[in-house]
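Consider the two complexes below, in which subunit A is the common component and subunit B and subunit C are the respective partners.
Let's turn to the complex of A and B:
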């Protein structure tokens, strides 16, 4: 009991303390990040094309149907809490971008038709189609885990941004900006006579 | 009435919080005042805590069973249509309940440890209780204040949402609890290591006492990791089982250091070596288990597993991790030198140095995985750029290390303690080595042109031959002495050396598992093709002919089922019928992979999109030897349980210490 405590300093003490401090500082810095902007390996890659049935119509649609416009691909489900938070953002944004070369497209994932329709009856129907991805296979292709997740695809079919979690109007605007869909129109005005006419009218 | 049930759970868990503080204080007082009565009370508090937390978990599970949607957690993670099995397993379907499960394991293991080791370790007990009660306190605060599963909503929701559909699978239902069991079981050896540090007790006592705990934790962690792979392979349909995802890595890191620990405690047990190192390893292993929880639950890393990310919770876990590390590594630095025994590793060719090399490799592997996992985070913090460390990095760096570990697996157990020499080694290993070279050359000409694959195959042969030769030699010697039959000799040898023979079984199981990994990693074939009826695809030893796609009717679905005929070189044939199902009621489409699973490999067919005129895109995988992985795992399980049958020798605290 009476043994004197003496610390014998060794080289590994410094190594251990150093490594620990380094790691904790890193984690603390990592926590400070906005985790909603999580990078996806898919960014810069062509978006996976699909052909799926629509939720409210018997027709199938493909992503490639919208080549030439930017696509906002939103994965949602009735059981997902954050999807409720972003619902009004999607309704307003879709309205705001009507007439612009931006197509909104929903992917109703791992959901039932009844619950999905009920969800929209309660909160308002999306003014754009949703396709049905019942088993979440399309979600796997896009590396979706948590819902909601939203992909922003440019007019060439390349994924330019991905957002995890509920959308806000600012996020939608910023990411649609990244697709270049709005500038695209400005360029085409200058070289295309017919659209010049449209603008004059 | 139902509302009050979940309130009972909340009450029980809150009392557990108070008791965990009480246990820490009481153990401290028992040390300060030398009064055993305090420690008795602390012990009772820990046993009571196990019961209270069991009650807490039970109230949640019961609310799932009776579909009480006034409980928010129940409403968020189940609905009235969910089958009973998944309502039961929904406890760990999301964050709050997962932590409750973590805590339940911790409380149960604490109670078991306190009951089992009470009499034999009176002097360590205050420190053990203090450590485990402190950990319970940390988790209880987190659960009650930051992730409470007992919250009620009034009025109750008419029906719940649903359990995360990915969890509605038997494979995945059991993957998280098994993994947690492994993580948490390391807390008991950890607590005993802290006790050894605090007491400055340098003997083999704590490692011998906690050997079964370590084995149990290791086998649970191994099984948890493999169950995850099994599920990914059969259910996700991407044809693989391991993707070096950050969350997978998070579970692999404590496994690597835990495996190092499992081996190096033998040196402390047998030769009183590596005392400080073993304490370092168990602190690191348990710390990495906590880190695993931190990485999964805080959203600090990008991963397919990232659940609802919550920085507030992340900050708490980080704080908790810092407290645990500062206390335990601090104690190691402060008291570590008192553990060092008189012995040193004296010879480079000996069992102890083989264990040392084994440890270096496992720890190096853990460092590599850790760096690879955290590198993207570091780069992002420093430069703001986002990178991802992909599988090729891990495969490239880990493969040579794994080869080294396999080599040691053959050498280590056969080299004697203390001292051997190269001449002896040459004699002992010449034959297996020759065999290994022959096997590697044959493998080369059979198509294993990749150098890593060739080496791996040769080494597997080497380890197998060396191990079997050793066992056979021992059996022969035994037969000579006892004049018994070989089977009775073998069984008597094994029954008297459960640890050694259990270890052999685990090693052989690992070899079988590695055969599966090498086979599926190096000889995999994969093709995505668009087929017309009559088209053929060659995959592995099979010729797959696409016949037709037809509509079928099931009980509650219609499906487009494709017919493939497979034909093997030996003339056997059969059909595979991958399909796409459409459930009209729920408007869901499911893709059913069709797998021809044999010991040689799996022919794995998944349907993609149809393009009219019966044209269909198909993904065809040939995954050689995948079944060997699961079989290897079963052999490993068997070996560990056999090794666990060996009771720990009773080490009663030396009287000299007891007096002091």
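Let's turn to the complex of A and C:
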């Protein structure tokens, strides 16, 4: 009788040790993860189409204006510190991909026109348009946590990648690669180039 | 003396009730006109609060959208109010945010997939602990009884046994 009790107690000991190991593994896995990279449920889904006013022109822009071209959609604001860090990366990348089927598009979110223009005057104007998302409503549609955040949309309008935080040239290159835009035939380039010109006017 | 103090306190309560009632009804005309507006607003606010309390503020640390004053949380509350006014259900509104931010946006992770572990774990641990405790108490009680029986059987003085049983 006494032996049986002994065996049962040992079994519970093993169960408790097992549970403690499981807890340790779960904590280690959870704490080791980079909290900035919360997987977006929007990856692989069609990008939300919008029609918003440009920051430096009265003309409105829709995302669908760029169908057939990969789009790098960058949410930024003048008050955002990390946006200052990635500013030169965006300027250089936009220049690098000129003439290629990649359209850069800014979304100036929760900002004022004056502050946004002042920001660009100080650091250089983006060679591509930015739309105004005054209250951050477009940010909600894209599940934006904070700024900057950048979405990489392929030529079919599907979000293939999202980057939270300041961009680096490597991140831009890698994610533009994911859109498959550079593997496209030269045929679409001429069309895209003409549509780009229209937008910039 | 004690009883009389109680009576005085009770009397004060009874006397103060009509005074409080009069104070509330001081301006009935104003109260009537203001009442419907307040009622409509509070209902929407309550609905917003119910939904916003279920959502996590994306830029805060463990704070709900309702509790947060961050820009994004304020905009989320405005959107929730708009959606309620447009006739959307709580489920539809929660799904809207879940589709864009993932399960992270929910204050309580849904009981599905791997999340089941989180929900089952505390109960499982409590059960395991309870079983362990019962087992431990049983065995120790048994050991205690055995010891007592052994002592009873021994040739010790009857007076000592009486003391032990007490």
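Here is the rule we use: the second predicted complex is superposed on the first by the 147 of 201 C-alpha atoms of A that agree within 3 Å, B and C clash if a C-alpha of one lies under 4 Å from a C-alpha of the other, contacts with A are read in each partner's own complex, and residues count from 1 in each chain.
One rule holds in what follows: contacts are C-beta pairs under 8 Å (C-beta built on N, C-alpha and C of every residue); 3 or more make two chains touch, one makes a residue touch a chain.
All of these numbers come straight from a predicted model, not from anything done at the bench.
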item: Which of subunit B and subunit C A:42 touches, first, second, both or neither; value: second
item: Touched partner set for A:79, first subunit B, second subunit C, both or neither; value: first
item: Contact breadth on subunit A, by residue count: subunit C or subunit B; value: B
item: Contacts of A:137 with subunit B and subunit C, given as first, second, both or neither; value: both
item: First (subunit B), second (subunit C), both or neither touched by A:110; value: both
item: Which of subunit B and subunit C A:30 touches, first, second, both or neither; value: first
item: Which superposed partner A:96 touches (first subunit B, second subunit C, both, neither); value: neither
item: Partner chain in contact with A:16 - subunit B first, subunit C second, else both or neither; value: both
item: Partner chain in contact with A:123 - subunit B first, subunit C second, else both or neither; value: neither
item: Intersection of subunit A interface sets (partners subunit B, subunit C); value: 5, 8, 16, 26, 38-41, 110, 135-137, 140, 143, 145-146
item: Touching residues on subunit A, where the partner in the complex is subunit C; value: 5, 8-9, 12, 15-16, 19, 26, 38-42, 110, 135-137, 139-146
item: Residue numbers on subunit C that touch subunit A, as the complex places them; value: 58-59, 71-72, 75-76, 78-79, 98-102, 104-105, 117, 124-125, 128, 131-132, 135-136, 138-139, 142
item: Subunit A-facing residues of subunit B, complex; value: 76, 79, 161-162, 165-166, 200, 236-238, 294, 298-309, 311, 314-315, 318, 321-322, 325-326, 329, 332-335, 337-338, 374, 377-378, 380-381, 386, 388, 390, 583, 585-591, 609, 660
item: Subunit B-touching residues of subunit A, taken from the complex the two chains share; value: 1, 3, 5-8, 10, 13, 16-17, 20, 23-24, 26-33, 35-36, 38-41, 50-53, 55, 78-81, 110, 112-114, 132-137, 140, 143, 145-146, 164-165
